[in-house]
Amino acid sequence: MLKIEAIFRPERVSAVAESLLAAGVTGFHYQNVTGQGQQKGVEVVTGRGGQTTTRSASSKTLLVTVISNDKKDAVVEAIVSASRTGEIGDGKIFVTEISDTIRVRTGEAGESAI
Amino acid sequence: MDSGTTAWMLTASALVFFMTPGLAFFYGGLVRAKNLVNTIMYSFISICVVSIVWVLWGYSLAFGEGNNFVGDFSMVGLNGIALFAAEGDAYPPLVDVIFQMMFAIITPALITGALVERFKFSTYLIFLVIWSTVIYSPVTHWVWGGGWISDMGALDFAGGTVIHINAGIAAVAAAMLVGKRRNPGLQPNNVPYVVLGAAILWLGWFGFNAGSALAADSYAVNAFLVTNVAAATAGLTWGLISMIKTGKMGAVGVATGAVAGLVAITPAAGAVDAMGALAIGFGAGLICFFAVELIHKTGMDDALDVFAVHGIGGIWGCLATGIFTVSALAGVDGLLGGSAKQLGIQAISAFGTLAYSGIATFIILFILDKIPGLGLRESEADEDQGLDLATHGEQGSVNDGAN
Amino acid sequence: MDSGTTAWMLTASALVFFMTPGLAFFYGGLVRAKNLVNTIMYSFISICVVSIVWVLWGYSLAFGEGNNFVGDFSMVGLNGIALFAAEGDAYPPLVDVIFQMMFAIITPALITGALVERFKFSTYLIFLVIWSTVIYSPVTHWVWGGGWISDMGALDFAGGTVIHINAGIAAVAAAMLVGKRRNPGLQPNNVPYVVLGAAILWLGWFGFNAGSALAADSYAVNAFLVTNVAAATAGLTWGLISMIKTGKMGAVGVATGAVAGLVAITPAAGAVDAMGALAIGFGAGLICFFAVELIHKTGMDDALDVFAVHGIGGIWGCLATGIFTVSALAGVDGLLGGSAKQLGIQAISAFGTLAYSGIATFIILFILDKIPGLGLRESEADEDQGLDLATHGEQGSVNDGAN
Amino acid sequence: MDSGTTAWMLTASALVFFMTPGLAFFYGGLVRAKNLVNTIMYSFISICVVSIVWVLWGYSLAFGEGNNFVGDFSMVGLNGIALFAAEGDAYPPLVDVIFQMMFAIITPALITGALVERFKFSTYLIFLVIWSTVIYSPVTHWVWGGGWISDMGALDFAGGTVIHINAGIAAVAAAMLVGKRRNPGLQPNNVPYVVLGAAILWLGWFGFNAGSALAADSYAVNAFLVTNVAAATAGLTWGLISMIKTGKMGAVGVATGAVAGLVAITPAAGAVDAMGALAIGFGAGLICFFAVELIHKTGMDDALDVFAVHGIGGIWGCLATGIFTVSALAGVDGLLGGSAKQLGIQAISAFGTLAYSGIATFIILFILDKIPGLGLRESEADEDQGLDLATHGEQGSVNDGAN
Amino acid sequence: MLKIEAIFRPERVSAVAESLLAAGVTGFHYQNVTGQGQQKGVEVVTGRGGQTTTRSASSKTLLVTVISNDKKDAVVEAIVSASRTGEIGDGKIFVTEISDTIRVRTGEAGESAI
Amino acid sequence: MLKIEAIFRPERVSAVAESLLAAGVTGFHYQNVTGQGQQKGVEVVTGRGGQTTTRSASSKTLLVTVISNDKKDAVVEAIVSASRTGEIGDGKIFVTEISDTIRVRTGEAGESAI
């Protein structure tokens, strides 16, 4: 089982969600995070409006989904295709192996609980 | 008794009352989220504390006969003030107590913009009592209670010196003594609150300025008009300068500009017409904008720019009153009307207030700082954690399921 | 016709109108985030429902001639009320309809503090209609419509019995019948909303109390002053007690204290002076603070302390009116003026209201609970999920990119 | 001079002023969080820009003698308007400037509901100046400045055509030309802001309608009453329809319904009684509810339903005035009073406004769109990121430790 | 060392927290997330109240705790027992092996830092 | 590749961010969480101000950064030095091995995508 953590622009979250469902993902969750990378960041007005400053961090969405190993490529492709703009700041996808999944409602564990 | 005037003075008093909660939101939106409740409380508790001080002795010190410098204790506890209007009174005498009370409440609250995010709340409660008594009441006496500034013939329709210059310079003293914040933030925590606060201030200022006519008459109407024009012009000026400099017109800038315009028109509201208000508003936007920049460079941490907006804006308004005065309204000519005399008088009134309030506030805070158990500043740990939790045991907003 | 008085009554009506949205925010800030919209709606929808009930039959039941206990149907649909002021009228007769309508709106909204986070919204809509008709209108008739309380000579300037004691005891009945929340929260979801709400309530209360003079006169001015003094004193008292007990002065506490002070001064606003208001405010802060503590111990889930603040605060105000009355204002002496008679009358009026409203509200809710399809309580699943989504399909705030 | 009337007009002006910030919150709460500040700014900056336009030339174009279609430049810079009330004036002439200024401010702000979340802010600033000058002032002249609509004898007490039909049809032109949002959201970002905004609008509308009596008299009182009744009825009607259709009564729906009721009663406020207001409010709730549904089906992205609420609501109000007019108030009979004539006149006034404003707004925006450097729409990247950061460099709220 | 990530209904967070402490967990953290799975989602009113739509995503709480391997069953049981309602949407538990833990205050690493 | 998850006091986030950049980290993201550990928690006023209660959970920031294995010590040191106060509640750092990283913008995978 793999955990896919994807960081991308917040306005893409609906597109990514759709794309994931189309790729056969059964569940996921997401949240707002503040992200910093190579992206210049966002320009914010400081003080009372006299200067702007580049806030290096910018708003991103972090989406997490746990999938079976064989879906990895499809899922990565689904996320990339739905969130890529080609500009710096598009985000990253991290893949981690996880050792177990349990479904709270039924208590079932392993692949079938995903 | 004139029921129309009484009706307007009641309304105006209610409007001015509403300004202090407005200020709470204006200031509250500008700090960081962890100090939001604390900042709101600085204003809100001023309503509670100063209302009591005012009826007990503040009104008497301000409006009692006294001498040129301060009133007396003849009306302690509002003693001797008639409950009913006498023949020939335009309104019942308690109207003065009410209307002026609202001014007394907001003035110290204005100061708190300089000291937010680090000042000790319990010391602030004591400061409120002392500052109202030792500074606010005397300065009010100077201008409206028959003191030296009114004797001199200075024009201060709605309190440019009493409220804004006074609070502005006190803010400098406070910022200097309490010192810089450990880690000032970059962005305001809540821009809608800033706009809400500015809008309520603007609304309330109609009561503040038009109410200062003390009648529902032509002066009140003119004051209402010029108040709106100056605020609008200053807000737009500020926004446009900001747009030119940075490419962006921020809501915080426009709101701050509008407040600067309101400050500047305050002393002039009974003396200038709409075209004068355009000029005063434009000046306020321009001057205060650059005052903010300049004061930031000094390194003084006047957190929410009280001096730049209320101090400099107040001085500009005070002097501008001497420039744009229309004799049809004020009975005297301003510089544009060909006379420099009024301008001189205005300058003296401003500097007198600056000197007294600046020095006296400094002394008060200096002493409070030294008194064991008081002190001006919260602990570093509390400042880091945020004063909402540390001082009030509250959080601005909570939205986790566990609650 | 007196245009000044008419102007003030229009203004006062607008101010009292604003109290109900203020209450929406005061209560809304205190619950958990998942019930914020629902709590706001309890107040907001009362404006809609009760306005209609009032013009259709509520006003007639309250102010129609009728008997000692209730009005009649003579003015159903405002039938027969002149559109224009007659010679000698201080203001057009519809002013009474407007001003009183705002009182009728806020009273049932006050009750909802007891039942938030679990009460069934559709049942509440029906409850609003019935309660306004069967309880609010008659009790108003008692006090202001020529009923037994006014016959007795009780002093209730702005509605301490009609509004606060009435709503306070109804809250007890509601809390008992709807039962405890499954899982009450620890912290309010939004403290700035609580302060905003309290500030709007305070502002509106100037209309409430000073408007109850029904003229822009000395009574109105005095009522305005004492309203502010009592609220400020009660807020500060509450804050200081809290500071002494816990080391912290919370904004919620000060706001609640101020509301308690406003409640207590309501019946007295036409009968006491500023020093009396200080005493009443101090008493309200002290008594209601400990009332909250005490009532929590009973285990009754009056979620937002309606009984402690409005019930107990209202009773204190009602009795205090009998104590601090100044004969120059009210024409009768209070206990401090050497006469216990008024205090006795006040006590009877309070207990009459408590008994009638408590029992009648209990019966109404008891019946609504039994009617199939109604019932008082939302389902457990809905309560857990939060009533905003379950009942209104809305969320207080949404900030995920997907939206 | 009548001080009571002056007092009421000052108060009413302050109340109408407050409506624009109220609108800022009403609209601001409805968009997505990333466009909250931008949406608020559309309304707030209108206060700044239009106040200046109004005193410089807008008032003169609207109320200058001129001809049947537009005023003139005789009062540019308020030139020639007396500062003091003359003998026999009910109030100082500047009252008209003030009161009407607030109407001029809110009207273009209303339009912005159609174009939020994508319109270019810098172009909007220019649009404000042009639209106020070319459309708002003439249409005002038609109705209140002695133009053809008033000549015809149309009833428009507080501006149903001037403000609501005018803004409603302009919104259609704007929505068509700016095009659809790339990705409209599902839920409003902040329901409490929507309710706060609606409550402030409702409050301010008392000044809007009852102030339009231009006196503290029986007309004002009746206007106040019918305003409240219509809003309440429309809000409840909307909520109940929504409850029947979806099982849920949302706060946004009730708030929108109330605004629709306020819109509809605006022209009628001086001509109908409370029972007429019930009918108009019920009609507004019903008609505007389904208008929203219908217009959504057309695919036009009038984001916040300005046309359905203000346009359709305004037309309904305009026609309903011709139906429910009570001759005791308006001096003419409506359809229910047996005369269809007034209804015809009303219809012509509505269609005249629709045609002129719709076409002229379309032309203005069409030209602005073509001017290099202007254009109507922000870039796609900015729209995606949200206009708060892109245009104003601000975020609605920030709560990360880093700030 | 294992990282346990549990997603469940927000109103259960107090119960889960208590249950975890009873099971001997020394620390955890949680946050609001938006989750999507088989659950139908929540009905929201759209527009001005004319329709409702089912928002497929719903609010969930994500709680994370790092524990030693031997506590896995007890902790999973603690979470399941405190958050199960038996209805779809109860949530999932994901288990990941982690390679190290450091306590900031003391700098100590490994099991003892948990 | 390692994923570093650090929990610390919210007011330290700027310091940590700077320190990480100095240590050569190329990107990270963070968010507010509610954390519970040995720390006594924060005192909150309950009801109308009559009592205070200790809310065991307190606000923390969770920062996540993915790095190459060789940077582990430097990064941990960077975080610890910037966030330590020495008082209970300073927080924890968790290290997990991850199996892959993909950069959305370019699609590149592995170490070079970090």
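Points worth noting:
Which chain is which? They are A, B, C, D, E and F, in the order written, and residues in each are numbered from 1.
Keep in mind that, in the parts below, a contact is a pair of C-beta atoms (placed from the backbone, for glycine too) under 8 Å apart; a residue touches a chain by one contact, two chains touch by 3 or more.
This one's a predicted model, so the numbers in the text were calculated from it and none came from an experiment.
Note on connectivity: the fewest steps through touching chains from chain C to chain F is 1.
The chains that touch chain A as well as chain B are C, D, E, F. Separating the CA-averaged centres of chain B and chain C is a span of 33 Å. In this assembly, the C-alpha centroid of chain D lies 50 Å from the C-alpha centroid of chain F. Put simply, the C-alpha centre of chain A and that of chain F have 18 angstrom between them.
For chain C, residues touching at least two other chains, in rising order: 2-5, 7-8, 11, 186-187, 216, 239, 246, 248-250, 252, 254, 392-395, 399-400, 402.
Residue positions of chain E with contacts to 2 or more other chains are 9-11, 14, 17, 30-32, 34, 43-45, 52, 57, 87, 96-97.
If you sketch which chains touch which, every chain touches every other chain without exception.
Interface residues of chain C, counted against chain F in their complex, comprise 186-187, 238-239, 241-242, 245-250, 252-254, 256, 289, 292-293, 296, 305. Residues 9-11, 14, 34, 42-45, 52, 57, 87 of chain A are the ones touching chain D in the complex. By the touch criterion given at the top, residues 3, 17, 26-31, 66, 96-105, 107, 113-114 of chain F touch chain A in their complex. The part of chain A that touches chain C in the complex is made up of residues 9-14, 17, 30-32, 61. Chain D makes touch with chain C in their complex at residues 2-5, 7-8, 11, 15, 32-33, 185-192, 195-196, 199-200, 202-203, 206-207, 210, 215-218, 220-222, 224-225, 228-229, 231-233, 235-236, 239, 243, 246, 248-252, 254-255, 258, 273-275, 278, 328-329.
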